[in-house]
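To keep things simple, chains are lettered A, B, C and D as they appear, and every chain counts its residues starting from 1.
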Amino acid sequence: MKAAILGATGYTGMILLRLLSDHPEIDEIIAVSSTRAGKSIKEIDPGVYTAVEKKMQSTDVKLVSVDEAAAMNPEVTFAALPHLESAKICGPFFETSVVIDLSADFRIKDPVIFEKAYGQKPERQDLLDAAVYGLCEIYRSDIKKANLISNPGCYPTATLLPLIPVIQKFGACGKIVANAMSGISGAGKKAVFNNLFVERTENCGAYAPGKSHRHQPEIKKELDAAASAAGKDLGAEGANLFFTPHLVPLKRGMEITTILDVPEDMAAGLTDEAIDALYTEYYGNSPFVAWDANRFPQSRDVWAANSCRIGWRIEGRSLMLFSTIDNLVKGASGQAVQNMNIRFGFDETAGLRIYGEL
Amino acid sequence: MKAAILGATGYTGMILLRLLSDHPEIDEIIAVSSTRAGKSIKEIDPGVYTAVEKKMQSTDVKLVSVDEAAAMNPEVTFAALPHLESAKICGPFFETSVVIDLSADFRIKDPVIFEKAYGQKPERQDLLDAAVYGLCEIYRSDIKKANLISNPGCYPTATLLPLIPVIQKFGACGKIVANAMSGISGAGKKAVFNNLFVERTENCGAYAPGKSHRHQPEIKKELDAAASAAGKDLGAEGANLFFTPHLVPLKRGMEITTILDVPEDMAAGLTDEAIDALYTEYYGNSPFVAWDANRFPQSRDVWAANSCRIGWRIEGRSLMLFSTIDNLVKGASGQAVQNMNIRFGFDETAGLRIYGEL
Amino acid sequence: MKAAILGATGYTGMILLRLLSDHPEIDEIIAVSSTRAGKSIKEIDPGVYTAVEKKMQSTDVKLVSVDEAAAMNPEVTFAALPHLESAKICGPFFETSVVIDLSADFRIKDPVIFEKAYGQKPERQDLLDAAVYGLCEIYRSDIKKANLISNPGCYPTATLLPLIPVIQKFGACGKIVANAMSGISGAGKKAVFNNLFVERTENCGAYAPGKSHRHQPEIKKELDAAASAAGKDLGAEGANLFFTPHLVPLKRGMEITTILDVPEDMAAGLTDEAIDALYTEYYGNSPFVAWDANRFPQSRDVWAANSCRIGWRIEGRSLMLFSTIDNLVKGASGQAVQNMNIRFGFDETAGLRIYGEL
Amino acid sequence: MKAAILGATGYTGMILLRLLSDHPEIDEIIAVSSTRAGKSIKEIDPGVYTAVEKKMQSTDVKLVSVDEAAAMNPEVTFAALPHLESAKICGPFFETSVVIDLSADFRIKDPVIFEKAYGQKPERQDLLDAAVYGLCEIYRSDIKKANLISNPGCYPTATLLPLIPVIQKFGACGKIVANAMSGISGAGKKAVFNNLFVERTENCGAYAPGKSHRHQPEIKKELDAAASAAGKDLGAEGANLFFTPHLVPLKRGMEITTILDVPEDMAAGLTDEAIDALYTEYYGNSPFVAWDANRFPQSRDVWAANSCRIGWRIEGRSLMLFSTIDNLVKGASGQAVQNMNIRFGFDETAGLRIYGEL
């Protein structure tokens, strides 16, 4: 199969180059860059060029332009582009391709919420309406039929996987406090002061707390949808989510610590066994999700893996959830490949690692 | 003045060597180690030896034993020893010295809570009863008269400084959720796998969450005491504090993100101006505390400084607090020196930095 | 095929667990630990347990003792044990297994040089005499027939791959100055102060310089052997190698910067084209070696890969060589798997990555 | 005394803000920025603002423009500006100020060498001719009389301090091989991809090797001058220096490993005692230089200090030198303050630390 990567020079694009080089079902990789077409992969990403050259059986693979790529009729297109650019660029690829989009452009269908988060109306409401939210373990059956898959953000993936089963079982949980720690690659490959090594090493802190981060509405709408699907009433305002991200000096990795109280009348049902059974019900057949009571997963456990690890602790009627992913893999490019695997009927783990690098 | 440092080879001892070498009121430093007496400072800590030698006007300063140190009659003794050892060792120094203890041995007066946190009864309940809790900005007048000052833990210092004024003003706050990130030096200088470079770099995660960390009761008893002192009723159980620490790959530094709801009938009083006025009332004359609405302090802002920076954000009746300290300075050795300064009537900032290293 | 890993809980053992879990020719992994037999992989290495469980089709894989492992008749045994222990322990495995040893116990055949480097005579001179030095790209044909393969050290691998072709072509090169930078995992998983996060982060420096590091004689004997094999006379003392390692705050990675002068009468032959042709001759069919004139490989280019990248720069008759490997992969466990692949006639790249992780 | 800092928002400017805030002889700091005049220090550098405000007895210190600063008649001006800009901007300050320049604009008096290194002719050859090279320990007496002091580069400072005494004693040393490791702040505060956290963490490698780095000619001309001053003949080409820098994932810090051979007829004089005596002769009265035979200084030993630590090892007639500084302090802003101290007759250590931060 022929795969195109739009935005192959960014961090998520670079991970896609690696994953697709190793993918047994991919024969050809079309690496696309609007600004650096014509350059050799070797110049752009000296870490991966030997792998791409081997896959392509070529001694010099070059980046191509968007137009050139569209003319090559890829069967799957990964759009690893900045927010608000993706929707403008990926149009031509729908003719031949399933499009898996890693930006935020097709995640929030409600144009009011979209505009609040991203400062403008969606570029392509038509495409947005048709997009399927690619949180694999939750929407697997929809993904199988989708032609536009909107890959979730890294914070939403790591926050939602442990939370959705809990919300669907326990319903209204009052205030949900989720604190996230993220590696710096989550900010993308942008040459700005704030991302410099000297600024970020030996430094940590919160940003965009409470309800002010763009991913807060993305998480909230999924919690609301999950409750609704399960017939649980979260009240007029829906989930009362406080989500606070923190930057920590990691290259890759993410951990979410969430605390919520289950309703008083359901407190007796809040046991380690019940939570274990709940996750078994939801994720028993999901190769990338693992969980344990009273264990607190470390971000390294899933470094470079497409996995999500979940732990929890119960204190009275309070439930603390701990979850970790690699923000560039399960939080971006790996989940995109998993979506491709699901969509095209490949083994769901094809080309993806389930172990964390040391 | 002559100062002894018990445990001069640990991390907090090493910081004390640095701070006292630069301190204008200290003439002589007695570096003490029970296991390495007789060794040169140069062998033990090649970073600081030139400074200690300069202060001591000697070309080879050696570590001395506990007995030797006691016989040298220091006027102030810093006990930078492991928990449960300090209370056994520091006895002889009370004859000539004010003792400033950096361990947990004199922090929790209630023997039941002490035993729950530290696994055994206090060694010296008599000393414990006499000790003053050395959270400088809160107990300044008690510290002036104390002969045994129990230096607070790093997590309690960073958590309590922003919280105490809020608790005293608003009283019962329901569940208080505090999430901490800490640098690895907080674990002390222990040669265990968990503290190895390879284990901690590119890794982060929670440990001892909710109510299971030893510092949770230390923070809680101060919150209860603060409420009580202000005539606020927190109910039979006192403060309902969920405190969850996380290890992040920093050498030094700590950040706490706290969220609480003020009582509904006080929600109207929860404004940026009110919080600013509150901190001005408490910390207007404290050189080491600074604060700002809607700013989120970064751990680097206070790296190597004795400062605490506070930020906050209001969302309805929820108040989010952000605070940061250097765990080895304001969270340990710097606050110990500040306690000495207060106790002996020196300038409170003598020998201490108020700026964060780049 | 059934593979045993002696020392599965150390860093090289942990990498072997990862590589063999993904290896298409391995059906069964026997994870061995003399001190922690009976414990679950999940407790020991939470990053890899899901992968090992999948490979073993078991929900709880446990470490076994050395005796248990020997009785399971593995066909290949990886000994990832400390120096001077390996030779004592691996004996029973020779009955059924090819043994690939990652320690230094079978690297230096001369007992005088061995004793100088390791402080005692070799434990098993008989095995040592029979061992083949497993520098894959140089000794491929010997490896195919070996039953004991001595995996090279990380510093020797990274230093020798660029140097051997040069020595064989140019012969006597006078003083060879090689400076190495190494990640901290090179020190192994030892709980000592010097390996603590706080000691190694924001810190770098040289150790064991010139001719005092244990790997210097290992490199020198290979240079001498290479010259001899090519009929080049290096003089009575052989190669005059100054090798100076430096610790830098990386988890994984290694870079060597080497400078030497070619003989005056061969200076005209020292051109970029000549060096390129030389490496093409030696490594044209080696999937894991890549090279380029006037490029300076970065350690990240090969992070987690089994690759070696080489660059060079010519200045008059001076040749500067730059080489980089991942010390845990091509410098240890990856090369061990490559040796297995060669020995058993598998695809040389089976189970090994050729791209560097981002 | 009133001090101006041109370029107060760069890394060397930010360190100057810290050092001058603590300096006992400075009453007033004028922080200058051509692009951000009018902004508060608090916005620009939240780590130091409280210290600057305390020094200035103001609650809001603002950056001023170059013209405003010149009109304030500072008595000393630190120019912490990019190369090739400094010479254009610092003119007006000569009327009232001693100027201490941290750029490369006044370091290389020979216009041909200057142009080769910096790509254009010097802007102000007249000023360049009058400038004194501010390597404090070597040119102390010249610095006392200088009105324009050209602060040395970080690589030259760390390389020259151990080498100059050796060159002056032993003369012609054949090839000198110096390998440097540098922290990332050495690249300045430039928002380019190459300086991003994700690019530099878990990564190391060489750049601009041999004779191609701009600092190579700066070091070489000082070695030539030193030899000449001591009556040693280095031959027509002067010192044959190979200088190869490497980037390592440190925020701050620098280590140089140098190897050279002394002339055969002087080999008998190459002893630890002789080298110790040599450094005692040169640096016995220099508070910031310390040295030891057979010790290999670590960059942390001088982190945030203005110190240089030197170690060495002798192997036959080869001498290996090891030296370390903090690139931002002794390699930039600290040495600039030391130059001010010398020039104005203050205590040479005023406002400077001699110990390395833990």
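As a working rule, contacts are C-beta pairs under 8 Å (C-beta built on N, C-alpha and C of every residue); 3 or more make two chains touch, one makes a residue touch a chain.
Bear in mind that the values here come from a model prediction, so they are computed numbers and not experimental data.
Farthest chain from chain C (centres taken as the mean of C-alpha atoms): B.
In whole angstrom, the spacing between the mean C-alpha positions of chain A and chain D is 46. Centroids built from CA atoms put chain B at 39 Å from chain A. Here the spacing of chain A and chain C, counted between their Cα centres, is 36 Å. For chain B, the set of residues touching two or more other chains reads 11, 185, 198, 201-202, 249, 251-252, 297-298, 300, 303, 358. Arrangement of the chains shown, judged by which pairs touch: all-to-all, with no pair of chains left without contact.
By the touch rule above, chain C contacts chain D in their complex via residues 175, 177, 179, 181, 198, 202-207, 209-212, 242, 244, 246, 248-253, 255, 257, 259, 261, 296-300, 303, 313, 315, 318, 320, 322, 324, 358. Note for the complex: chain D touches chain A at residues 11, 184-185, 189, 191-193, 195-202, 249, 251.
Note for the complex: chain D touches chain B at residues 11, 14-15, 18, 21-22, 46-48, 50-51, 54, 185, 201-202, 251-252, 287, 290, 295, 297-298, 300-304, 307, 309, 328, 353-358.
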